[in-house]
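Worksheet: the structure to be examined is printed underneath.
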Amino acid sequence: MIEVIRITYYIMNEFLQIRLLQVLPIGWNFGWSLLLIPLLPFAGFLLLGLFGRKYIKNSAGIIATALLLVSTVLSIYIAYVYFFEYGKVMGMYQKFVPIQFTWLEFSQGVSIDFGVLIDPISVMMLAIVTFISLMVHIYSLAYMKGDERFPTYYAFLGLFTFSMLGLVMASNIFQMYIFWELVGVSSFLLIGYYYNKPSAVAACKKAFIVTRFADLGFLLGILILSFHAGTLDFNTLVQRLTVDGSEELHSAYTSTFLGASALTWAAILIFIGGAGKSAMFPLHVWLPDAMEGPTPVSALIHAATMVVAGVYLVARMFPIFSMSEGAMHFVTYVGIFSALFAALIACTQTDIKRVLAYSTMSQIGFMMFALGVSGSNLKNGSLNYSGLGAGYTAAMFHLFTHAIFKALLFLGAGSVIHFIHSNELKDMGGLRKYLPITNITFLIACLAISGVPPFAGFFSKEEILLAAYQHKALIYWIALITSGLTAFYMFRLYFLIFWNKGTIVHGEHHGEGGFAMMLPLVLLAVGAAFAGFIPFGNFVTADGKPMEVVFHWQFSIAPVSIALAGIFTAMWLYRKQNNKPVAIANSLNVFYKAGYNKFYIDELYLFITKKILFNLVGRPAAWFDKNVVDGMVNLTGNTTQLISEKIKEFQSGKVQQYAIYFLAGVIGLAVVFIYIWK
Amino acid sequence: MSGSTIIFYMLAALTLVSGILAVTTRQIFRAAIFLLFSLIGIAGLYFWMQYDFVAAVQIVVYVGGITVLIIFSIFLTQQAGELLPKQKIGRLLYSALAAFCGFALTMVQLCQHTFKTTTEQPILPTVSNIGDRMLSVEENGFALPFEVVSILLLAAMIGCIVIALRSKPTTA
Amino acid sequence: MKNEKLLSIIQFLLLGNFIVGFFFNQTGTLFGGLFTTNALMAFEKSILSLGVYLISLLFSDWLKKSEHMPEFFILMLAALLGMFFMISSGSLLMFFLSLELSTIPVAAMANFDLEKKISSEASMKMILSSAFSSGILLFGISLIYGVTGTINFAEIPTLLDGSPLQILAFVFLFTAFAFKLSIVPFHLWTADVYEGAPMAVTSFLSVISKGSIAFILLTTLYKVFAPMQEIWYNMVMLLSIITMIVGNLFALRQQNIKRFLAFSSIAQVGFILVGLSSNSIQGTSSVVYFVLIYVFSNLAAFGVAGAIAQQTGKERIDDFRGLYQHNPFISWILALALFSLAGIPPTAGFFGKLFLITAGASKGNYLFIIVAALNLIISLYYYLRVIRAVFMDKNEHPIEKIILNPSAKLGMIICGAGIVLVGLLSCIYDYITALTV
Amino acid sequence: MQPGLYHILFISAALFFIGVFGFFTRRNLITILMSVELVLNSVNLNFIAFNKYVWPHKMDGLFFSIFVIAIAAAEAAVAIAIIINLYRSHQSIDVENAEEMKF
């Protein structure tokens, strides 16, 4: 086996001119195991895609899961090696590029390379992506069992995991772009997996087109950056554009368009690319619809991987973003607005997966603005960005914890849907008796996302709020309110599913779905409970130097109490079948009501939550989202159709009329270029 | 006014007037004959410019060849004495406008441009000069275009034969 | 069958023609500058030869049944020869003659479905439009000749200065290219001719013919009209934007697959112009590279549509619904082709468009690039529509199993492999760039 | 005034656009073809005029016009074959009867 690898290595070296840089002191095993991480899922994709339907139909899931298990073990091993053994040199986590080969050289210095970049965030992402993907693989063994296209499903999962890992490891911004597009394609395949459902087909098309639209921004950003920096390599890019007084930085600062420098434009355009994938307002329209895919897929794509690609991109380009105050503000405000907006909408949704979708959008908004408030260097007059990255660490930390508990939430929801065969909250209730494990794990996840100590979300959200607090009071207050809303809508969901009214369970009772479905839930629940204790600041920081995260317990009082308030409101409203408003309306006896002291407080409470929060804020926000933002997307489509109908007369089938247009074109061009546009 | 000038204006008038008639008359035979006159007028202009060889080619190919081909095809497709269908007035106006705009633009540009003149020794367009050039492979020779045109004519003939020799006419 | 044997021989010879193209790539001129050649031109010709070979494979069913197969090849090869001369032409005379040589036989070929009315109609529309366009072209050439006194490509640039009459002449000349490339508003003949002509001819027109014009347009704009660079840059940009928009808008509403591909190819040409506008080495190599990809993708799409039309007579996109049920192989080929045309990774079309955009962006005119990229997204709508019809829509009576003959299958496999490999193997792009320098 | 270059250019431009006008307005396919012939002839006149008055030391224009005549013949032949064929299927050579494909 080793001989084979050696020979392959030789061949690749000699004939394809792949340079394998031996900068790591561990020897070549390390380098190749890095390559194996993405290649194993890809192998799974090829294997299942080519032979799955005919030969290995039944064992397809096992094969894919086994391959991914190896990948996961490798990436956790690499994370261990990186963080604890070799990554830190002179007290700083280094960036390594152990593998890189030039795929195409555009011009001197500007080349598309394929390589592997190892630094704290990519190592962390490797571990988290493979881990969540593994959980989803295991879970799907039971969830998708008996599906007609079982091997195809696993093939798509493999392709998706491969492209996501390629994106994470990219050492070159163009490589990232290519994998970025691949992620889009494979998510398109996964969302449209139930291709017989018209809504799924429409959803995948929409997801694809909206994200492509955003990718356009990314591409333009790349083009502008490479034009000014003269390179596409991440490390070189960051080096050239962050050194004070460098020629490239000067050119990027001084060439302006519409009052902003090229650097700001590039950063904003790249952010738009990220916003498309990460479902930031107003490019989020695809996310709720994308819930048409199989539920484990939602756990993979919409919790841990694809939707955080935008955050990852901004984090990867963070030094460049931090050179532009305008771009940082843009990121901050889009992030905070999306967080609040999505939280409001989440309060009104009745489809369990849609609530989770908006919640994802809201949480990613948190990560985004955390990056945004990480401080702009220009304010200090110095170009050194170290020491300002509290928000950066917080965002990465939240990305990490969110991946775990959101995957848990989705998988739990999958378990519920599996049991009840419906997505609608009205069909659920009282399920805690039937689904004990799901109930507990879901509760843990809800506590984690609400920020209740000592669960994971508490720590990461705390850091974000702290960063916001240090930055600007407005941001902090909005974030605080959003965090309360988060607790409210998550527990609304929780109580409506597991408490509230009892549910009539139709047909035979088939339990919770067996070991394969429960194992991921339990593992993730353990993660959601304890991941917060990882001292993240020691590992992932903007500059690679460990950062002491100071923990102020006084500071936690406000967020925790607001979270608890949200939880208790939800509990009070939804724990039992909600007869309060009905009862009030029914009891006509005014005196009886007056004597009932609690009544006024009740009324007030209801007024605030139901009337104001729901009808005045949440509903309009949802309406706006559904009709205006979404409508814009559809409108573009309809308008194009309409215009194309209107101009069909040009194609009249009359050859002489064609000739008249021909001559008119000639004369028009001649007149334009002789007299007007010289 | 010299005789040469008078001849020029007569030829010009012949060419343009019969050109206009060729594209406007509603009797197709007359149109063909006016086209013939117009082409002869052009041949006359070539003679007038002392490009005898081109004039001869013009008469042989156009007058003797293409016009006859056109007249034959009229025989094949047209009943005698039938008037051509009228064109819509809107189309006529647009076409006239487009053609006139094009003409005006071209003439304005042509008149504003002063063409260079050369003092070099002119080459007379005698048949021997033309023949030498036509078959020369050196610089300023035209052997290659000559071959290309011959291939083109061959291909065109084959195409014509395939299309025209359709085995049986279908749908009436 | 006589046709069958002959066809095999012809296919073999065409393959030979393609291979031989790689052995003779010297630089030089012949006939006193009328014929020039270099390695890049040889490569461009090889692309066209490859396309013709693929056409002979993909449409072998139709060819075998055709009464006039030998004549078809004579005309097609005459047109191919015309394109070779055109790519190598060193003077406007050679350019004009070879342009006609590559047009007139194709117009006759468009009539080869002799029994069909629409075939004659298509042929008529093509020959009349092209006669009109060559009239305009000739007028332009005569003005260029009048102004500069020469028709040699080598001498013209030294004598141009961008005076109004030269601009007029250039516009007249350029519209001939625009006509053949179907640039809006000179494109109107395209869809009608594509629809009426036999599928093999349509694919020849849409792929080979356009490719050759794109190549000669590179020479014409970059070398011959180099002094008028600013004018033609603006013109190309303007036309490119209009072309993409109109091509996309019309493609959205087409039902016939041939008309659909016609308008989609118009939009593709708009994209070629984006790369072409850059006037740089990168511009040349990206255009050549894109044409290579375009040959594979478009021929694959036409090949599949042709196979279906040949056996079932169905040409409407609605009829393609549920194609995947009985015909997974051709469905995947079609999907690959459309993905590549739409520029979706990891197909070659993605890289082709990427390089065109990067080349176009090197001028720094980002507004233009944004418009181009937006059009790329609009185009997704209709490409996905076909994909959706093939894979996702239900149909009571889906198209039955199509029996492909081996050579058509081979052709599709070559196209499919090309679509995947040309993108992934960077050496191809490097090779083209090396030739360009 | 002695007629010179500009006179001939005027004739040829006029003839060109007369032909174009005919191309736009004629409904019979054969007459459309005749208009095309006028267009091509006017171009020839241009070439000869430029050759005679502006660049008499070279013969490019003269040769160009000879080749254009040849091309015109080939084009006319193919066009007439197509028109005859169309006549056989449509029983008409009115251009408005050949507008089946549109939009």
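For this structure, a couple of remarks:
Just so it is clear, A, B, C and D label the chains in written order, and each chain counts residues from 1 on its own.
Throughout what follows, contacts are C-beta pairs under 8 Å (C-beta built on N, C-alpha and C of every residue); 3 or more make two chains touch, one makes a residue touch a chain.
The shown structure was predicted, so the numbers you read here are calculated from the model rather than taken from an experiment.
Think of each touching pair as a link: the shortest run of links from subunit A to subunit C has 1 of them.
Work out the mean CA point of subunit C and of subunit D, and you get 27 Å between them.
Subunit C has its Cα centroid 32 Å from the Cα centroid of subunit B. Subunit A and subunit B, compared by their mean Cα positions, are separated by 69 Å. Annotation: 6 Å between the Cα-based centres of subunit B and subunit D. Residue positions 91, 94-95, 98-99, 102, 105-106, 109-110, 115-116, 118, 140, 142, 145, 149, 152, 156, 159-160, 163, 166, 170-171 of subunit B each touch two or more of the other chains. Listed for subunit C are residues 93, 97, 100, 104, 107-108, 111, 114, 117, 123-125, 128, 132, 146, 149, 164, 168, 191-192, 253, each touching two or more other chains. Across the assembly, subunit D contributes 16, 19-20, 23-26, 32-33, 50, 54-55, 58, 63, 67, 71, 74-75, 78, 81-83, 85, 89, 98-103 as residues in contact with two or more other chains. If each chain is drawn as a node and touching chains are joined, the picture has every node linked to every other.
Here subunit C touches subunit A in the complex through residues 124-125, 128-129, 132-133, 136, 164, 167-168, 171-172, 174-175, 178-179, 185-186, 188-189, 191-192, 231, 234-235, 238, 246, 248-250, 252-253, 282, 344-346, 350, 354, 357-358, 361-362, 364, 366, 369-370, 373-374, 376-378, 380-381, 384, 388, 391-392, 394, 426, 429-430, going by the rule given at the top. Residues 2, 4-5, 8-9, 12, 15-16, 19-20, 22-24, 28, 31-32, 35, 38-39, 42, 45-46, 49-51, 53-54, 57-58, 61-62, 65-66, 69-70, 73-74, 76-78, 84-85, 87, 91-92, 94-96, 98-100, 102-103, 106-107, 110-111, 115-118, 120-123, 125, 129-130, 133-134, 140, 142, 145, 149, 152-153, 156-157, 159-160, 163-164, 166, 169-172 of subunit B are the ones touching subunit D in the complex. Of all residues in subunit C, only 93, 96-97, 100, 104, 107-108, 111, 114, 116-118, 120-125, 127-128, 131-132, 134-135, 138-139, 141-143, 145-146, 149-151, 191-192, 195-196, 253 touch subunit D in the complex they form.
By the touch criterion given at the top, residues 656, 660, 663-664, 666-667, 670-671, 674 of subunit A touch subunit B in their complex. Across the interface of their complex, subunit D is touched by residues 648, 651-656, 659-660, 663 of subunit A.
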